[in-house]
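Below you'll find the structure I mean.
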Amino acid sequence: MAGSTFGTQFKITTWGESHGKGVGVVIDGCPAGLSLCEEDIQAFLNRRKPGQSRYSTPRKEDDAVQILSGVFEGKTTGTPISLVVFNENQRSKDYGDIATYYRPGHADYTFDMKYGFRDYRGGGRSSGRETIGRVAAGAVAAKLLAQLGISFLTYSRSIGPVSISKTADELLQEDMSTLKQQILSNPLYMPEDNASTKAQDFLDDCIAQQNSAGGIVECIITGVPAGLGDPVFDKLDVDLAKAIFSIGAVKGFEIGDGFGVASATGLENNDAFRMKDGKVTTATNHAGGILGGISNGAPVIFRAAFKPTPSIASTQQTVNKSGEEIDISIHGRHDPIIVPRAVVVVESMAALTILDALLCNMGSKVENLKKLY
Amino acid sequence: MAGSTFGTQFKITTWGESHGKGVGVVIDGCPAGLSLCEEDIQAFLNRRKPGQSRYSTPRKEDDAVQILSGVFEGKTTGTPISLVVFNENQRSKDYGDIATYYRPGHADYTFDMKYGFRDYRGGGRSSGRETIGRVAAGAVAAKLLAQLGISFLTYSRSIGPVSISKTADELLQEDMSTLKQQILSNPLYMPEDNASTKAQDFLDDCIAQQNSAGGIVECIITGVPAGLGDPVFDKLDVDLAKAIFSIGAVKGFEIGDGFGVASATGLENNDAFRMKDGKVTTATNHAGGILGGISNGAPVIFRAAFKPTPSIASTQQTVNKSGEEIDISIHGRHDPIIVPRAVVVVESMAALTILDALLCNMGSKVENLKKLY
Amino acid sequence: MAGSTFGTQFKITTWGESHGKGVGVVIDGCPAGLSLCEEDIQAFLNRRKPGQSRYSTPRKEDDAVQILSGVFEGKTTGTPISLVVFNENQRSKDYGDIATYYRPGHADYTFDMKYGFRDYRGGGRSSGRETIGRVAAGAVAAKLLAQLGISFLTYSRSIGPVSISKTADELLQEDMSTLKQQILSNPLYMPEDNASTKAQDFLDDCIAQQNSAGGIVECIITGVPAGLGDPVFDKLDVDLAKAIFSIGAVKGFEIGDGFGVASATGLENNDAFRMKDGKVTTATNHAGGILGGISNGAPVIFRAAFKPTPSIASTQQTVNKSGEEIDISIHGRHDPIIVPRAVVVVESMAALTILDALLCNMGSKVENLKKLY
Amino acid sequence: MAGSTFGTQFKITTWGESHGKGVGVVIDGCPAGLSLCEEDIQAFLNRRKPGQSRYSTPRKEDDAVQILSGVFEGKTTGTPISLVVFNENQRSKDYGDIATYYRPGHADYTFDMKYGFRDYRGGGRSSGRETIGRVAAGAVAAKLLAQLGISFLTYSRSIGPVSISKTADELLQEDMSTLKQQILSNPLYMPEDNASTKAQDFLDDCIAQQNSAGGIVECIITGVPAGLGDPVFDKLDVDLAKAIFSIGAVKGFEIGDGFGVASATGLENNDAFRMKDGKVTTATNHAGGILGGISNGAPVIFRAAFKPTPSIASTQQTVNKSGEEIDISIHGRHDPIIVPRAVVVVESMAALTILDALLCNMGSKVENLKKLY
């Protein structure tokens, strides 16, 4: 069963385990003529690199990307772009212990059930390192989208019980470049210093108690033209749901008002259409920029809930492969929370989705064919 | 751009508009040898039929399904099963009015942006009638799954602000067939009479105020073997997210504890593995039956948030195709809430997803090939 | 296992058995805004209708197509186009005999091996009637392609041992509309009367001897813009090979000089590039319009070999389901040759392939995205 | 437009250019539990390595493969297998000349038309080096198939005008391991020494005249169980046609009697079913092991026609990018014929196809699901 490929026209295939020789991605279907170099990609990868604050694993991973194909004389050629990051900092240690039991909240047991055995070093294929390929590919997509006026604002909305107070609509009123800079320089990628301080206190407690925390990532996409996405199974929100839910540790996804719509009424939830500067717009954006699965030109807004890191040093109950109930305590260099490092993964998956939707939509009208042929 | 197909090995393609000649589905990849007749499918369709309580549209639609191919001498042949429901009860009325403006909360505007024009009769392709094809196909999938010991419990968890009090885990302690019967006989498909009564009061108010309501549907799948789903992009929860988010009006989706995980700690959220009757099990089920994207043998539990019906008789602001701001009021036979009728749609999409995952997983191990060849 | 869908962006799914309720096709991904009515499709279907000469089965099948969805006010809407032809002329006869043994050259035995049993009425899913869906969809594709200046010339190159003498290049020198008319009015769809006469004599002998014949269909596609097709697995010739080989009875496929290239030298086989009217062209067309899997602007030329109709009245040896060796003689209303009726099937599959390639190619360059967004 | 992926369940994605950093493949969907090491793969790659006779390019390429992921403790894990061969022997030379004009018979012009520019070093993405990824993946597939009793006999049937005299049926009477050894030790991979000697004389003439040659590769697959392949678009012969036609330089493909069927009669072409050792078999094998797109248990036999190497040192006419007609002569280290090195590529693509068909077919019957779940 193959499941490592994402996308229809802009298609990525990731490979690699956390403690194998490396991780990588092949991008197939990137339009020709995009200027691209390793620095473009490295900038994205650096946003998910560990060791940048005390809230991420102290492992030092340079995660230096190499472009192996698909770029010639500084431009994409239209052929597959193969990107690789070789693994460097695997501690040479005895994994035998982990091999014998099933860590709660991890995929150890399910891999054994599916495949008959597993690569028990680190998280194997379910490691967070798998997302390196996604982020590398996302960097390429985001660069192309920027040329079409489409950009992303992605941040931690909540860390454990601590949330920012501003709504997405309020953040959209601020100066974007200042806001982006503020987020990138915040250790938790939160757009409010006040909330960030409280969240750091909360995390310090978590760490002290050998526990871990979860949180919510929010993403706002601006500049998305109206008309993207398909009416039925390949709705734009479906593709985003698929993209974001495929990130390990995501347990919930919502668009616009999300679960809030369940207790709203039609009068409250409908976004009235209005004219603004001669163009159709909506007075509010409860829908999160998507109606009937198709973008309506308003900012696309979504959120994803991430579970707490399952690897904790506190004692936990589990069973081993011999079917004995045992107590374990997982030591090692684990993130007490994955939300901050997941922010760029969310942005990358969103960029891949939007670019694919743009490409898939090109033939929606006969007149589009007549423009190009 | 094609987007009306769902599934990899068990693949369905739906077609049809609300006011065209009919709606239907082609199922490709149904294993041969399943006993199947029109009554099997009709039973599922009847659960989404309107006009069964005062909380659904009074339109009378028989929605009688016909099997056009793929079944011979009472059994599926392995070739495409074409199912059709001809439309019968379209009022012959003047749609010219709707044709000229964009209804808030509907896909009118986005269809025009995407395709240049739209079938403005009813909801066109975005009508709830499109789900007839899904439910017809879901009936086939559910029948096959039942033979493998996999079954579904699907119900309204909340209607507007009114929720049931029992958790999914608590419901699982009850007698399943009694519970299913109770749900099917409840006008809102709620498993608690007390909550249902309050919800009906709430809906009566909504109707009186020419307003509409949303809600949350919950689904529990039991008997799912461990090992289904793929580690990366085609995780079982991803496929469920895609399946459920593709239902019109869904704005949020979550597995297990869902958004609740964001404020939980690792210690709280991890499900300890335990032995029970000689088999590996989990003491709790915060994960909703899926770890690392792969089923772990526990019940799969998920929820979806549905927005309030956008068609309401109250006055709303919008714009027309000439770019003028106007006031409208949408009359007609609309459901004040779609949640109860959506319950069987959710169950159908879940059944399609699980069966496809079973088929895709057959080749996960070399030993499986040796068993069959 | 699902296998009834063809195409990536312009995607068709066929369904139906020869003696079931009907046959049909769902087209998903047809660009919006194409004028389309049932007559457009019927014109194509009439070219494959039986009973038009003594060389096709005397069964009378009107094969009247109905459009069930996807067309509104005379134009395609961009949503799935469901087309159906209900079966009408199944003789009510006892099929019990056929059910018990395996006809040589038919799929009876292989269906039983794959699915455990089969729909033994007529050819079931392997009947030539399955091609009705392909031709109906091909008519839609061909109509759209005509608006982009792409057209098809398809004909019988050989019937049994009798071939036409002109090459494809020579036919391209003639007046196209006269030639097309000549082909359509020829009972064997041959573009040379002389060869057609000899072929008819040969077929008359075949019929007299209760035997059947095969032949070769050739197709020339003009107006294909340079740049269609992908370098590796989705080459334009690969997609054509897949399209044409999927027609029942095809046992060989070749592009340009085809098998002739095996004994040619590089000097003979290379097509020199030349300038003509300020444009790059090739002096010859041994390549059949495709280089490295991508169209070069020259006419695309290919051929397919069809086997003789397997159903013959002469006595044949076979086995029955009880494993006994028996002699059989197949009576009924069978075509002594399927080549003439297959001509429009070949053209239809070619049209579907070219349109899909046009759609898939729209995003090949960043500048194309900038033109549309 | 993405086109570098092949397969449905056993899915490969190739990447890399002839003069980039390397070439590789990602295999997704390989069943877990297959013993695999680099030597298994290297053995296949060595069969396509150049420089082993005077009929292939004197370039020395070690083509040493590395497994980067998907194998743990000597067994496949079920996750993506990333294989890479780094390029080593690119001559550092000035490609500027080739950059300015279009080589006849090459994809230079079509790449420019499609993508706006091209990687002009060597063949870029259309280089024969792209097949390294296919052969590496094919080695994995073939190893798994061998465990199921499926094996391949692949050889040069003709080189230019020189063909072997034995039919595939006759070769099947010989001792397989002796025959395979004979083919592997023959410089042209021909199974008849007599024909090989004549073919070598012919090639020596070609080389002396700065010309090149084509030929035909034949492949026999034994042990294929009955029931593989789907009735309509995903017939087993369609998948083989797609697989083989995707190899650069292939211009024709045929199954069983292939183009010969066009002039055969039904009586001649039908394969009578007979009983042998209590099993259903066919007295002849004109069908090449496939009926109605589904394997019938007989050996699968097909042929592919390869064009002569387009790169020749003789003077040729072409045009340059400025639109001027010029004369060129292509020097360098080119194969005078690619057929012998293509033999293992054909075998690899066939192995990939058969394994994918086995995986896709596992769910054809409900009873198969009951056996595994």
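Letters A, B, C and D mark the chains in the order given here, with residues in each chain numbered from 1 onward.
Rule of thumb we're sticking to: contacts are C-beta pairs under 8 Å (C-beta built on N, C-alpha and C of every residue); 3 or more make two chains touch, one makes a residue touch a chain.
All values reported here derive from a predicted model rather than from experimental measurement.
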item: A-D compared against B-D, more contacting pairs; value: A-D
item: Chain whose average C-alpha position is farthest from subunit C's own; value: A
item: Whole-Å gap between the CA centroids of subunit A and subunit B; value: 26
item: Distance from subunit D to subunit A - Cα centre to Cα centre, in angstrom; value: 39
item: Inter-chain centre distance, subunit B versus subunit D - centres from mean C-alpha coordinates, in Å; value: 45
item: Junction residues of subunit C, two or more chains touched; value: 1-5, 8-10, 14, 29, 32-33, 78-79, 114-116, 125, 231, 360, 363-365, 367
item: Subunit A residues within the subunit B interface of the complex; value: 1-6, 14, 102, 104-107, 109-111, 113-116, 125-126, 130, 158, 160-161, 206, 211-216, 226-235, 237-238, 241-242, 245-246, 248, 251-275, 278, 280, 282-283, 287-288, 290-297, 305-312, 314, 316-319, 323-325, 360-365, 367
item: Subunit A - residues contacting subunit D, complex; value: 1-5, 7-11, 13-17, 20-24, 26, 28-29, 32-33, 66-70, 72, 75, 77-82, 84, 114-119, 121, 124-125
item: Subunit B-facing residues of subunit D, complex; value: 8-10, 29, 31-34, 76, 78-79, 144, 147-148, 225, 231, 358-360, 362-373
